[in-house]
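One chain, chain A, links the two complexes that follow: it is found with chain B in the first and with chain C in the second.
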Partner chain A sequence: MISFAELALNGIVSGLVIGLAALAVTLVFGIARFANAATGDVMTLGAYAALSGAGLTGSLVLGGLFGAAAGAVVGLIGYWLVFRKLGGRSSVAALLASIGVAFMIRAVMGVAFGHGQKVFPMPMVRPWRILDIRVHPNDVNLCAVVLVTLAIVFAILHLTPIGRQMRAVADDPSLARVSGISPQKVMMALWALAGAVSGVAGTVVGIKTVVSPEMGWELLLPAFAAAILGGIGHAGGAIVAGIALGIVQEVATPFVGFTYKIALSFVVLLAVLLVRPKGLFGTVAGAR
Partner chain B sequence: MEAYLIAIAIVSAVYVLLALGLTLQYGMTGIINFGHVGFFAVGAYAAALLAEQGWHPLPAFLAAGVLAAAAAWPLGMVSLRLREDYFAIVSLGFSEVVRLVVTSEKWLTKGVQGIPGIPKLFTGLGVGLPNSLAVLAVLLLVNGLAIYAMRRIVRSPFGRMIEAIRDNEDAVKALGKDPARFKVQVLMLGALLAGFAGAFYAHYIGYISPDQFVPLVTFQIWMAIIMGGVGRVSGALAGTLILMLFLEGSRFLRDVLPFISEVEMASVRLGIVGLALILFTLYRPGGIMGEARRT
Partner chain C sequence: MSSILSIRNLRGGYSEVDILNGLDLDLAPAEILVVAGTNGAGKSTLAKAVLGLLPRLSGTVSLAGDDITRLPVEARARAGIGYVPQVSNVFPSLSITENLAVVEGVTGQKARIEEMFVLFPALAARRRSRAGSLSGGERQQLAFARALMTRPRVVVLDEPTAALSPALVEESFARIASLAATGAAVLLIEQRARQALAIAHRGAILDGGRVAMSGSAETLLADDRAAALYLGQQH
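What follows is the complex of A and B.
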């Protein structure tokens, strides 16, 4: 029973990461209206940037900020060079282009940093024991990082004018436009925000596990699954669904084995599409 | 030299078969299949495992195609009724799960070690040139049949229906037809072709392992059909030719530039496929020969 509690706790950590990635996916899906397959590789880029940043400055916090900044910059570059020009085209064009962006980022990472696995220099710490459950201080710190990131994102979305404009575009692009909201400004804010969120997510994954060129791509499917489970375009839903998915993955690991973790999110994805395509919190219009 | 050209021709013919399947699915019907390599893998593993069991190639090949098509059915049923990008996600996930399954189920597929020693076809004719030529002839025959069938389909009521679905699904619905049913059928037909392609591939290469069935393969085929011109059989042929020139060319490039390691070359190849996907969707969605029309 106790080991299950530990697994569930572990699941919350990985679930928060999936939630962050799903948040990036769902923001783009809700506002730019396509499934951005480059999300995973922007995460990878964020992790490498954080690794370099931490190596340069000797501080993990500064490294994490490097990761977020790198994600935001690449998000903006991707928007400016590629997705901006695809506005008004079918979603296939944007989907394919996002795959192209994903491949290019991964190729650059592979050439620049090699294909070996890298780890963040983390001090070894003894886990705390709370009610006989082992809790790793690192995990607690990572959770705090994710929660702070989420707080910032939700504050931007709900407390700032640009956030209100982003939500308006997500609700109804034409109505937002005739209300005098500049689509370009909203899109740039969106891509910077989604990129920064992906960068932080990648950094957290990198600290928790290892950094390799394929790490982000492997998280893409769980991120998509959580975004759809939470309801496309629903930021809070993405987080809740991510945490749920993370816990399910970890708790199921003793039964299905380590490699089938990703397959589990596929099963969840199929089940959601079969039973409730609009997700937990979404609207019917989003799914059809 | 002949042996090399025949080898290239055989691999090209396998790729053409894949490209034809995707042309049927995306080019003609508008299904965004991002998991083509999954059906290819199902066909390859089915053929390899059945050959191990001592099956005759003919029923084994049929089984490989049918299994791939059968795998497509539940995917289509679940997600082709929903908005089109959901199927893109589901199919991408499917191909990754296929790779996970063949990696994990070591009792069946030997995991990452892969299945070696898959017998070559037509070895009775003599190993080397004669049996390779026979394989090529059969592949060309299968390709010819597939092209003939696709041309027939285009002119049939079914073909008009799927093209109408591609152009305006809502209009088709308004006429009282069920687009999802036709899309599932097309998906299965394309998967059938991919399954056959996998069976030929497994028997020709002689060794299959999970890392041959990565999503990059899917998007190489996408790159081929977009470069050649979406929705046309001639486009699939031209695009596959370009793809093969690119793949083989990058191999020769390594001979010329030996300081680039194999893993770096893999990254470069990945980057070029990515760049091609971006540039073509941006500037030439109709392919090299097509005009710069907007999709």
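What follows is the complex of A and C.
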């Protein structure tokens, strides 16, 4: 029982990360209207930037900010050079282009940092024991980072003018334009925000596990799954679904083994979609 | 006559085929102008051309003497063209207040939102509700309020009564009539030409992408040719 509680706790941590990645996916889908396959590799880039930043400054917090900033910058570059030009084309064209962007980022990371695994220099800390359940202080810190990031994203979306405009464009892009909202400004804010979220997600994954050029790509499918499970375009849904998938994966590991735990999360996804085709929180389809 | 909106020799359409074929139209300040005509005459296309939503366009559209033909949609909105679409006229997931606050190019935004709530009291009571929860009539009020946020010089209404239940049509026309009091000129695209002309100053009847007849509302209502060909006998 106690080991299950520990697995579940672990699941919450990895689920929050999946949720963060799914949030980046769902933001882009809701506003730019395509599934951005480069999300995972922007995470990788964020992790490497955070690793370099932490190495330079000796501070993990500053490293994480490096990761977020690098994600935002690459998000903006990707928009400006690639996705901006594809505006108005089919979402399949943008999806394929994003796969290309993903491969490019991964190749650059491989050349720049090598293909070996790197780890963040984390101090060894004895886990706490709460009701006989082992709780790692690092995990608690990572949860806090994810929750703060989520709070910032939701505050931007709901409390700032640009966030309101992003939600308006997600609702109805042409009505947004006739209301004087510049699509380009909203897109730049979106890509910077989604990139920063991906950068933080990558940093958290890197701290929790290892940093390698493939790390983000491997998280892309769970992130897509969580975005769909939560109801595509629904920011809160992405987080809840990410946590749910994370817990299912971890708790199932003793039964199905490490190799199949990802497959299991897709079984959950399929089962939920059979009952609720729009996902857990989805209402009407966002795309028109 | 000094026009607030002036349209000259407008041609264009969605693909290769021209739907507008050299259309000229003038709108005076604070005037309500009804644009009527059969389906396919180019009414909605004209609205899109004024808003900047038409992919292919030649000719000129001027707002208060400034050529806005090449301005993108959002810049025209900020320059003073308000638009109430026929359907999809609110942001459903935003609250009523957010629907108004999201509009760009509004000076004194908070005060302007309160002015809108005075103008449309039904909205004030539900300002925190999501726009998606509103009825058709309430949505239209919100759409009017959103379009008026920028204190527009011209408001384009695309068949405002088409999606409403018959009981709401009269209320909607009364609301349109009161728009002129805000100082905005109204370009009213409308199928229900008789009812529309009753609240309008002038009318223009389109045929084949041109203005086939135009004149004061009274003249058009009394004209047999207009009535028979374009207005429909009953509506």
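Keep in mind that, in the parts below, the second predicted complex is superposed on the first by the 279 of 288 C-alpha atoms of A that agree within 3 Å, B and C clash if a C-alpha of one lies under 4 Å from a C-alpha of the other, contacts with A are read in each partner's own complex, and residues count from 1 in each chain.
Convention: a residue touches a chain if its C-beta (ideal position, glycine included) is under 8 Å from a C-beta of that chain, and two chains touch if they have at least 3 such contacts.
Predicted, not measured: the structure shown is a model, and the values here were computed from it.
Enquirer: Is this a clash or a fit when chain B and chain C both end up on chain A?
Expert: The answer is fit.
Enquirer: What is the contact status of A:Arg164 with respect to chain B (first) and chain C (second): first, second, both, or neither?
Expert: Once the two structures are laid over each other on A, A:Arg164 reaches chain C alone.
Enquirer: For A:Asp172, select first, second, both or neither according to whether it touches chain B, chain C, the two together, or no partner.
Expert: A:Asp172: touches chain C, not chain B.
Enquirer: With the two complexes superposed on chain A, say which partner A:Ile181 touches: chain B (first), chain C (second), both, or neither.
Expert: second
Enquirer: Report for A:Ser91: first if it touches chain B alone, second if chain C alone, otherwise both or neither.
Expert: first
Enquirer: Per the contact definition in the header, classify A:Met104: touching chain B only (first), chain C only (second), both, or neither.
Expert: Only chain B is touched by A:Met104; chain C is not.
Enquirer: On the superposed three-chain arrangement, identify whether chain B or chain C touches more chain A residues.
Expert: B
Enquirer: In whole Å, what is the nearest CA distance you get between chain B and chain C after the fit?
Expert: 14
Enquirer: Do any residues of chain A touch both chain B and chain C, and if so, which are they?
Expert: Correct list for chain A: none, the interfaces share no residue.
Enquirer: In their complex, what parts of chain A are in touch with chain C?
Expert: Result: residues 161, 164-165, 167-168, 170-172, 174-183 of chain A touch chain C.
Enquirer: Over in the complex, which chain C residues touch chain A? Could you list them?
Expert: 51, 53, 72-74, 77-78, 83, 85, 88-94, 98, 101-105, 146, 150
Enquirer: Contact residues on chain A for chain B in the complex?
Expert: Residue list for chain A touching chain B: 34-35, 37, 82, 85-86, 89-93, 95-97, 99-104, 106-108, 110-111, 114-115, 213, 221, 224-225, 228, 257, 259-260, 262-263, 265-266, 269-270, 273-274, 277, 286-288.
Enquirer: Enumerate the contact residues on chain B facing chain A in the complex.
Expert: Residue positions touching the partner: 26, 30, 32, 34, 78-79, 82-86, 88-90, 92-94, 96-97, 100-101, 103-104, 216, 219, 222, 226, 263-264, 266-268, 270-278, 281-282, 285, 294-295.
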